[in-house]
Amino acid sequence: MDWVSYREATQNGGCKIVLPIGAIEQHGPHMSLNPDVLIPDHIAEQVAHQCDHMLVAPSISYGYKSQVKSGAGNFFPGTTCVSGDALEHYVYDVLIAYVEHGNREFILINGHFENSMFLCEAADKLVKQCRLRNIEVRVYLLSYWDFISEATITKVFPEGFTGWAVEHGGVLETSIMLNIYPQLVDMSKAVHIEPAQFPPYDVFPSDASWVPQSGTLSSPVPATSEKGSLILKECIAGIIEHLG
Amino acid sequence: MDWVSYREATQNGGCKIVLPIGAIEQHGPHMSLNPDVLIPDHIAEQVAHQCDHMLVAPSISYGYKSQVKSGAGNFFPGTTCVSGDALEHYVYDVLIAYVEHGNREFILINGHFENSMFLCEAADKLVKQCRLRNIEVRVYLLSYWDFISEATITKVFPEGFTGWAVEHGGVLETSIMLNIYPQLVDMSKAVHIEPAQFPPYDVFPSDASWVPQSGTLSSPVPATSEKGSLILKECIAGIIEHLG
Amino acid sequence: MDWVSYREATQNGGCKIVLPIGAIEQHGPHMSLNPDVLIPDHIAEQVAHQCDHMLVAPSISYGYKSQVKSGAGNFFPGTTCVSGDALEHYVYDVLIAYVEHGNREFILINGHFENSMFLCEAADKLVKQCRLRNIEVRVYLLSYWDFISEATITKVFPEGFTGWAVEHGGVLETSIMLNIYPQLVDMSKAVHIEPAQFPPYDVFPSDASWVPQSGTLSSPVPATSEKGSLILKECIAGIIEHLG
Amino acid sequence: MDWVSYREATQNGGCKIVLPIGAIEQHGPHMSLNPDVLIPDHIAEQVAHQCDHMLVAPSISYGYKSQVKSGAGNFFPGTTCVSGDALEHYVYDVLIAYVEHGNREFILINGHFENSMFLCEAADKLVKQCRLRNIEVRVYLLSYWDFISEATITKVFPEGFTGWAVEHGGVLETSIMLNIYPQLVDMSKAVHIEPAQFPPYDVFPSDASWVPQSGTLSSPVPATSEKGSLILKECIAGIIEHLG
Amino acid sequence: MDWVSYREATQNGGCKIVLPIGAIEQHGPHMSLNPDVLIPDHIAEQVAHQCDHMLVAPSISYGYKSQVKSGAGNFFPGTTCVSGDALEHYVYDVLIAYVEHGNREFILINGHFENSMFLCEAADKLVKQCRLRNIEVRVYLLSYWDFISEATITKVFPEGFTGWAVEHGGVLETSIMLNIYPQLVDMSKAVHIEPAQFPPYDVFPSDASWVPQSGTLSSPVPATSEKGSLILKECIAGIIEHLG
Amino acid sequence: MDWVSYREATQNGGCKIVLPIGAIEQHGPHMSLNPDVLIPDHIAEQVAHQCDHMLVAPSISYGYKSQVKSGAGNFFPGTTCVSGDALEHYVYDVLIAYVEHGNREFILINGHFENSMFLCEAADKLVKQCRLRNIEVRVYLLSYWDFISEATITKVFPEGFTGWAVEHGGVLETSIMLNIYPQLVDMSKAVHIEPAQFPPYDVFPSDASWVPQSGTLSSPVPATSEKGSLILKECIAGIIEHLG
């Protein structure tokens, strides 16, 4: 999109800007390092395609440091993460640049759990700074998995759900990737593991022995493209229903 | 404790420093603004009392901004929160000051959910900075409620658990406060509400209409001091078992 | 105080918020590490008790780095201090959170000399930021010892005042602590020393040989609870007279 | 690439990490907003494809604020830029994360002139921080256009070169985009203009009247895919020759 | 100038503040370390002398890190440079202090190429912050050498110009210094060298072997005071013409 | 001094670097705005002239915000001050640049009371950062007036000393300026005032009515060049005695 078309699309603040934010983080030996970027980016494109007055901004690839209990930890080769304030300031600056163009509504689609609080902070500071200029903005912040219903979980995990806490590199993400980027998944390398179990605290520096060697927190083996399709449809429909 | 006694207690790095970190945040019309400080402080004292070589540091009272879905939001009168980087840097500086005294092990007892990621960041930066000095530190980070078992939950919620997500100012915190600071709880002001329900995203600025008017996210009415005692005993025992 | 009561107390900006700010710093082998917190906290409570429309905020415990000539230095075990910008940002954030509730007047009661300039900076930035929102705030900043008269000094030091510069852990602070927290003072451990003398410059890193080994800068031996009472009464009355 | 393959590729620090860094910035009504990202990304891929032991990292899309004399200014709709310190810290954090994996050599391929000094600063701070860990890294920083020879310029501008200073959205960038992403260029919208002329100083806030209304600083009309191919081949070959 | 006279001179915002900004950086064995400060300071004084309503502010001596290709690099003894954000914040703070006095127009005269982008950032942030206060400021940013015409270059380099890129410590700066501070130049120590040649990229840490051992990037030998006078006259006249 | 001479002078870390740090601040209607810069600069030059192995670095002109009780306040026209962190980071960066050249000892000569704590912080951070590199530095920090003896005070104030607290723009500074820069003092504009008196607290925003209208805190009328000479000699001799 060229700048003249952009100006037309965004004039009068009538357009929602959708910003996908992810991470570069290992997701097991069977998958590329970027599902946390590709999935929100895909969802953003699909949502915007079905809604008027929505534009997808270039995604932000590098997210906050992977934590052991949600992303298997920041010590894995390939897991390439930034500090919280670097992420917060970068996202804040991108958002305020869009505000300068007259945009007033934003949908941040997060693909990496650990980003959440830093995106909150960026959004909160944006709102306050804009008020100093007598500008009211509205920032919607979502993690796509929060739109998955229990009904879908039951279908995707017919033998019982192992729990959200261990869904790193497991059935959910792998199924989605099989659906949208099958060339980035090699199920022959998928490692079956029992769901990870953790003590009720964290420790720094991280203790690598807490984490399954494969890097996922539960088994990706039952993943299928069909399950991915089911999940994606629900997320996309849910986002449109609430924020479209 | 005077400095000479402190020096003896901490020499050779043989002492764990326990740092309670909380928040000043409304917890309903029936309770003071500081349960998130008082509870971890109480737990820290009890744990340290039962363990050798543990010292409780003065607690940090002001925590990260209350979020709607976990703390009812930062817009309530009395909810008095700091930004993420202010919290992170303050905690980091306190920890590194303790490292200068020769201390090498830390237990951060968190009493406010929203603090978690910023405490992670402080701990991670501490570890890295200390390594530049060839010092290995170990920081344990815990939120006390993660030591509550399902068995206890069943006892505390005989009519069914309403879920962790809405336990702000509800039965758990109120019961603990009734047990340790009954003078700061006035159950005659406790408001019965249905558990709060939220859409699957956040919005900034916060939408006050999402939150029950009383400021809690579930009903504190069934709280009792006995339930509080049960919870505390389990948390204290659990922390000692894992980290004592 | 619960949030509903807080809202009533503070509505229309008619309430002054009193914020005690101290430090964790050795004060000799005869005293605990926290007089710089406990004393301003006590004064704040007494002042607020005697004035309408004043609320005491939870105190801030960790202050700026102890300096050799005023606090015997940052290298003592137990002296646990934060950097200037961490203190400044933390205090600033706390104040602006109180501004959000509608409060417009603040009294910062400082208990640690080294904090002063960083509190100035926090107050100055607060005023400027609030003006961007068309909010006029007023921040009073005081160190309690500035309310002690020469007459009182003469009574407290009948054999001659050794000077403000060396009053760290000496008669003034020890007397106050004997009056309000006698259980935290053990006069049997008080070490008599001659007043410390320093060259007319500072050096970094600090030179520990400049400082008396006990950690105080003058002798605490003549301290009594009665002297403490005298001092406190004057400080409290003075603060009320000027700012009540 | 999955993390196990990544580990193999990067072990022993034997791999160069190529990081493309661009900007989202208008480039005239005939072109998309992202040539400064797409071009260095394309070059990075081509270079890495022809060299052993080189990996392309996910690119960084948002760059430093467009300046009037080099990018037509930060006030154009669609030009979406971040502050210098946000860019610097984000890039720094990404690089140090790659260092943690054992990587020691980096090639930053810059596609946006205004980024240069902030990338210098990130590289310089990285080198210094790594030295504190006794790690020697080497960061090569290049802007791809610096590999274009005078001979090529003569071929691309048979009627005379209008100068590097006004090559924003002109023949060079447009030709490259025509070659690699023809679907993102619409030559029917290309506006012929005389090369922009500027006074010998800058002014803030920017004066929009200094800039041609189309947003380019010289005419893109003579651009062709063949010219783009010529330029790209030279840049890619040059980078390989110097840094391959 | 005393403050009462200053107040008169600046009232009603009718005065332009001229701020020279330089660097402490080696300029060859024949010259002092401060031409980047002294030259813009001299030009500022001359310009202000010839214009009404212009005041020269005390100059800022320490600038951004010398780069190999423009200043021979930050590794030379005597080259004493600050980081980008330190420079930016210091300049920003100075400017906003002048705004507080009612000043609205600023001319930054830069004497050190590497400062440019950080001065842009300071100016941009100043403009934005002032707008929050409904204050419109205007900041002119110039590097004095941009006012030198081709005609003058031809006169100063009768045997051909070696190019702007290598004019560090060469004929231009040396000639100016010979004209205004001859006591700080010792032409007997001037080293003749061929113009430096560099590869089309930068490397960090810097490679000292890229740089002529004398520290200049071209030969200062042909410098004369007369050439300096010619250059200065043109710069001063040009600045007055554009901004006087 | 050229860089080759500088290298010789500083090699083997055998040289002390003397850095004068001041402020731009009104000092009454009878004096220029820069005594806080000129006086420490003069003292530095004199000290270095009389000592071997000492070099004076270019001074830092803009200091921390003038406070009402020590500098009459930051609201006077002409008082042009920076924030604490801008000063701290700028000074820190300058010092670490000198460390890079092999220098290990620094004397900071402060001419502006309000700078003190921020210079402490810069020095403390420098020491800690250098230790990470296994470099031991030593930073002496002094305010020149701390070298004035009581005997001199008695001579300079034959009718009784009005106290250090109100010596802003009074006899001490005016006498020194009369001695070293008589052309910057106009005693015909000196205003006689009674010493300023202040309440025992500070207030933000500052209350201009607390401050004498002339901007000094005591009378400069008795100042003479002879008094200035006496003071300077003692300061210079004292600094040499302690740190030469």
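In order of appearance the chains are A, B, C, D, E and F, and numbering begins at 1 in each one.
Just so it is clear, a contact is a pair of C-beta atoms (placed from the backbone, for glycine too) under 8 Å apart; a residue touches a chain by one contact, two chains touch by 3 or more.
Here the structure is a predicted model, which means the values were calculated and not measured.
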item: Shortest path length from subunit A to subunit D (each step joins two touching chains); value: 1
item: Contact-pair overlap exceeding half with A-D, pair selected from D-E, C-F or E-F; value: E-F
item: Contact-richer chain pair (by C-beta pairs counted) among D-E and B-C; value: B-C
item: Classification of the subunit E:subunit F interface as same or different, half of numbers criterion; value: same
item: Chain at maximum distance from subunit E, centres defined as averaged CA atoms; value: B
item: Maximum centroid distance from subunit D, chain identifier (CA atoms); value: C
item: Angle (degrees, nearest 5) of the CA superposition of subunit C onto subunit F; value: 180
item: Distance from the mean Cα position of subunit B to that of subunit A, given in whole angstrom; value: 28
item: Chain centre separation in whole Å, for subunit E relative to subunit A (CA means); value: 47
item: Multi-partner residues of subunit F (each touching 2 or more other chains); value: 83, 85, 132
item: Contacting residues of subunit C [partner subunit B, same complex]; value: 1-4, 6-7, 10, 24, 26-34, 37, 57-62, 75-83, 85-87, 89-90, 92-94, 97-98, 100-102, 186, 189, 215
item: Residue numbers on subunit E that touch subunit D, as the complex places them; value: 64-65, 67, 74, 83-85, 88, 114, 116-118, 120-121, 123-127, 138-142, 146-147, 199-205, 238, 242-243
